[in-house]
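In the two complexes that follow, chain A is the common piece, with chain B as its partner first and chain C second.
For the complex of A and B:
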């Protein structure tokens, strides 16, 4: 059995120090500043900041139906995108694992493509596809299927399409990793005992895929919750998400304390999603 | 000998004020300029940055983005700015000066500023003059519309707006207020009147986006700032642009500012001086249809017809109380989100 070499604590500290210092400087410190700033306030009619403790920013979020509405829209939009990604990714991931064979690497590469080419270009491409004068409406009209353009931009439908396109890889990759570990014999065994395909999926495959489903869902939900570029462009100002509200307050109104409070609320929900994911994973671990 | 030495000393002393200009070498130093991308950046590179680099040996670096981002940057870097020159909107410049983020305009530091039309260097140096008019679909408006025409029932819900806060949005609120018989100091009336136009078809992120839909008649009209619109109209046969008369178009100015306590104040002043020069301002007018602020610029009749370029024309425009408007920013953004977009 291979033994782990002894590493002195000093050496460990030296190895970890560069990354730790970097993380402290560029993440922890700004994050702490964000927390503090969210309890400060802006001088009315000015870009100046009053560094005194106040809960006014949080009271404004809780007390204003517009911001609560934005939060609710963001949460259910993220849930919808997660569900759509799951429904699309499950059969695709399974097909890649079982049947892709030599093209598997290529297919996985294609799946990852939306992640590596950034949010802006694919989103602008989608504007051309989805606009009233775009490819989809043009094609449907030329086939005589519709007379007036379908509204695919400036609504939840358009934003959902954009977010699913952007975050589908986050669901596919954990699922591929999980499905690869499921022996194909299980499925055959279940069918030999009389289980239908539906029963095999419900009683055998889905339970075994659950770790991948949980991991993928968590990633897609959190990414959708904080997405800014896609909702901003495809929503055309009519789909209000928390990220777009925070951007408006930070970059255009310059009310940084309020924008920080909006950011903190978003982080709270990210933490809650992470906690839920961890609890489910722990439950799954105990069961297996 | 003493006399010669004395003359030499006197000559040296008399030449001293000229010495910095003769001896200034800014090689190895970098001037950071924040501005908008596209044609503005191109013109600034050609007419300002290029000549400045040749003259001084310094390098000019552009930071491209929206003016809101630059305002944020100035606030964030208040004690240690990295940007030397910034281009801001008319409503941001007085606020930036009030907050001590920029240096007050001074013709002693930027000599060409003396040629800018009187009263325009408000907060920062006035760079260009444009007006908020109406871009409209010719299919839906056979004749160029007045502001009041936008309120006809058939155009309800067929407008497009720039994302708020913006000078377009504030200008449109001021117009709505005047249509309602008041001014921007009565935001209740302004928002109520503007809400009558219905929720917009979209808040556009690019001119192409809105022009494509307007060309096809899906959008009836949009309040837009003249310069870029006029430059792009050639690509869209179905779109017109008009400066309405009642009230007149809203005056909007782009301002160029020297950032307070910036690393390269002298280079910043030289950059601004070149930006306000007759050559740069003429290029702005000819290529972008942005009205010159330099009173020495001479344009042909045809060129002058496309831009706002005289004090008389400026006097005919609707001028807002921008100091008041900027103070309402937070409140009005909430109201815009709820009452205009959220209908």
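For the complex of A and C:
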């Protein structure tokens, strides 16, 4: 169907151009520059950069167990966080769509609160929640359930809790919009035809929710893979993630070509995750 | 298993998940009133001393001022540009609409820390590292997708026939925009302004890389202190106030102009 425009093509182009030029120049171009920069090298002991073509930055990542270890930790941590977010977001999103009537908008607003508060402020609260004298340990101790504090900071447990908390909204929002599009009768129809609850979920609800699940998982995975504020603070330097390595190289060591190469590796894994997501949704789309 | 029982179980699970989601923010607010130097639970005493310290701390005050100015300027530019572009895309229906939406929303899906590393080295080449214009450009970019999303949804909901009717009754294009389009788009404009400002004001990921020494925003100062000296209770008090302000914006935004509807 050809849609008729309400304003002239030149006017449209003029309206769109400023934002488009800005986003291309300030957002897209740096990514292209990153590719180039990752093959340049750093003058040792200065911020000078030597243009050229060297694979030294990449060789350093592959050859050094420190960086590979960080990458491995980050990958499985991101996978774990994605899974946890999915498990927590599914019931919440479904409940908000099906049962929250007048409070729906407010609930969605509360769900995005961790997003608009940025990475830092919730993390400040998390430190006080998880620290040895903090809320959880204090509450458990005063109830007499534990004698010594549980170690919740400076380890994977703390970092995972922080990341799940920070990125849960990224899973909730796409799930809400897919669940909203599933007609209520489908579930009833399947049940009346004799399907058990489990079968309804496996054969009807989950396949229909799949686009939201894939979109949300991708967002959470990408966000966790590149997070550095939460891991640095809750990991207290003991949990080394890939993005915090890149951040250190860029902000403290000031080796920008090497930081760019680390960034390129992150982009590579994000692209792989995106590809996997596309394959999953296409494969399952064909089956149903 | 009765359906009433399973419904109650679901409700309990949902409440627990919501509590988990909001726990850090609730603890942040609670711990701001703790009187000790280090928060402990149960608190030994409650006081407002950290709020008093917050208002008397000149470094934090100047950082908050910088965050506010940066947030206001970036939001104004981002919402302005996003509104123009959204109006063009929705009303002009160009063939490149989808590509343009992908471009405007790209910062939501691509990793900002990787982008900021590249931006840092470009800024260094251009000599605008740590300058206000450089910071504003970066903040306009990270707030653009939020503003664009909300404005595209907003203009999509406005019936173009209303504009056409005004025009056929003899209104000039400027009158149509001022008397018809803008009033109808106002809830969307307010929503995108609120969200864009909060995103800019609270950003630490991008700003900490490119802020330099001259324009240290509140989140950047807090982050660097946190890594070197641990938690400063004064920051907790300021953080609690910022979070309380954010909650107010969202709750009132929801009441007054259906903030969450266009997200």
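Convention: the second predicted complex is superposed on the first by the 265 of 288 C-alpha atoms of A that agree within 3 Å, B and C clash if a C-alpha of one lies under 4 Å from a C-alpha of the other, contacts with A are read in each partner's own complex, and residues count from 1 in each chain.
Just so we're on the same page, a contact is a pair of C-beta atoms (placed from the backbone, for glycine too) under 8 Å apart; a residue touches a chain by one contact, two chains touch by 3 or more.
None of the values given here were measured: they were computed from a predicted structure.
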State whether chain B and chain C clash or fit side by side on chain A once the two structures are superposed. clash
Which partner does A:108 contact after superposing on A: first (chain B), second (chain C), both, neither? second
On the A-aligned overlay, A:186 touches which partner chain: chain B = first, chain C = second, or both, or neither? neither
Just to be sure I read the superposition right, which of the two partners does A:131 touch: chain B = first, chain C = second, or both, or neither? both
Look at A:232 in the shared chain and tell me whether it touches chain B only, chain C only, both, or neither; answer first, second, both or neither. both
For A:53, using the defined touch cut-off, is the partner it touches chain B, chain C, both, or neither? Pick first, second, both or neither. neither
Partner touching more residues of chain A, whether chain B or chain C: C
In the overlay, answer first, second, both or neither for which of chain B and chain C A:250 touches. both
Just checking: does A:240 make contact with chain B only, chain C only, both, or neither of them? Give me first, second, both or neither. first
Of the two partner chains, chain B (first) and chain C (second), which one does A:42 touch, if any: first, second, both, or neither? first
For chain B, which of the listed stretches 110-118, 164-172, 200-208 or 218-226 runs into chain C? 200-208
For chain A, give the residues common to its interface with chain B and its interface with chain C. 47, 127, 131, 133, 232-233, 250-251, 256
Using the touch definition from the top, list the residues of chain A that touch chain C in their complex. 3-9, 11-16, 18-20, 22-24, 26-31, 33-34, 37, 47, 49, 88-89, 91-92, 95, 99, 105-114, 116-129, 131, 133-135, 137-139, 142, 165, 168-169, 173, 219, 222, 225-226, 228-229, 232-233, 243, 246-247, 250-251, 256, 259-260, 263, 266-267, 270
Write out the stretch or stretches of chain C touching chain A in their complex. 10-11, 13-14, 17-18, 20-31, 38-42, 81-82, 84-85, 87-89, 91-94, 100, 103-104, 106-107, 109-122, 124, 137-138, 140-141, 144, 148, 160, 163-164, 195, 198-199, 201-205, 208-209, 219, 222-223, 226-227, 231, 235-236, 239, 242-243, 246-247, 250-251, 253-254, 258-261, 263
Under the definition above, what is the set of chain B residues touching chain A in their complex? 66, 68-69, 71-72, 75, 95, 98-99, 161, 163-165, 199-205, 209, 212-213, 216, 218, 326-330, 333-334, 337-338, 341-342
In the complex of these two chains, what residues of chain A are touching chain B? 42, 44-48, 64, 66, 127, 131-133, 149, 153-154, 232-233, 236-238, 240, 248-256, 258
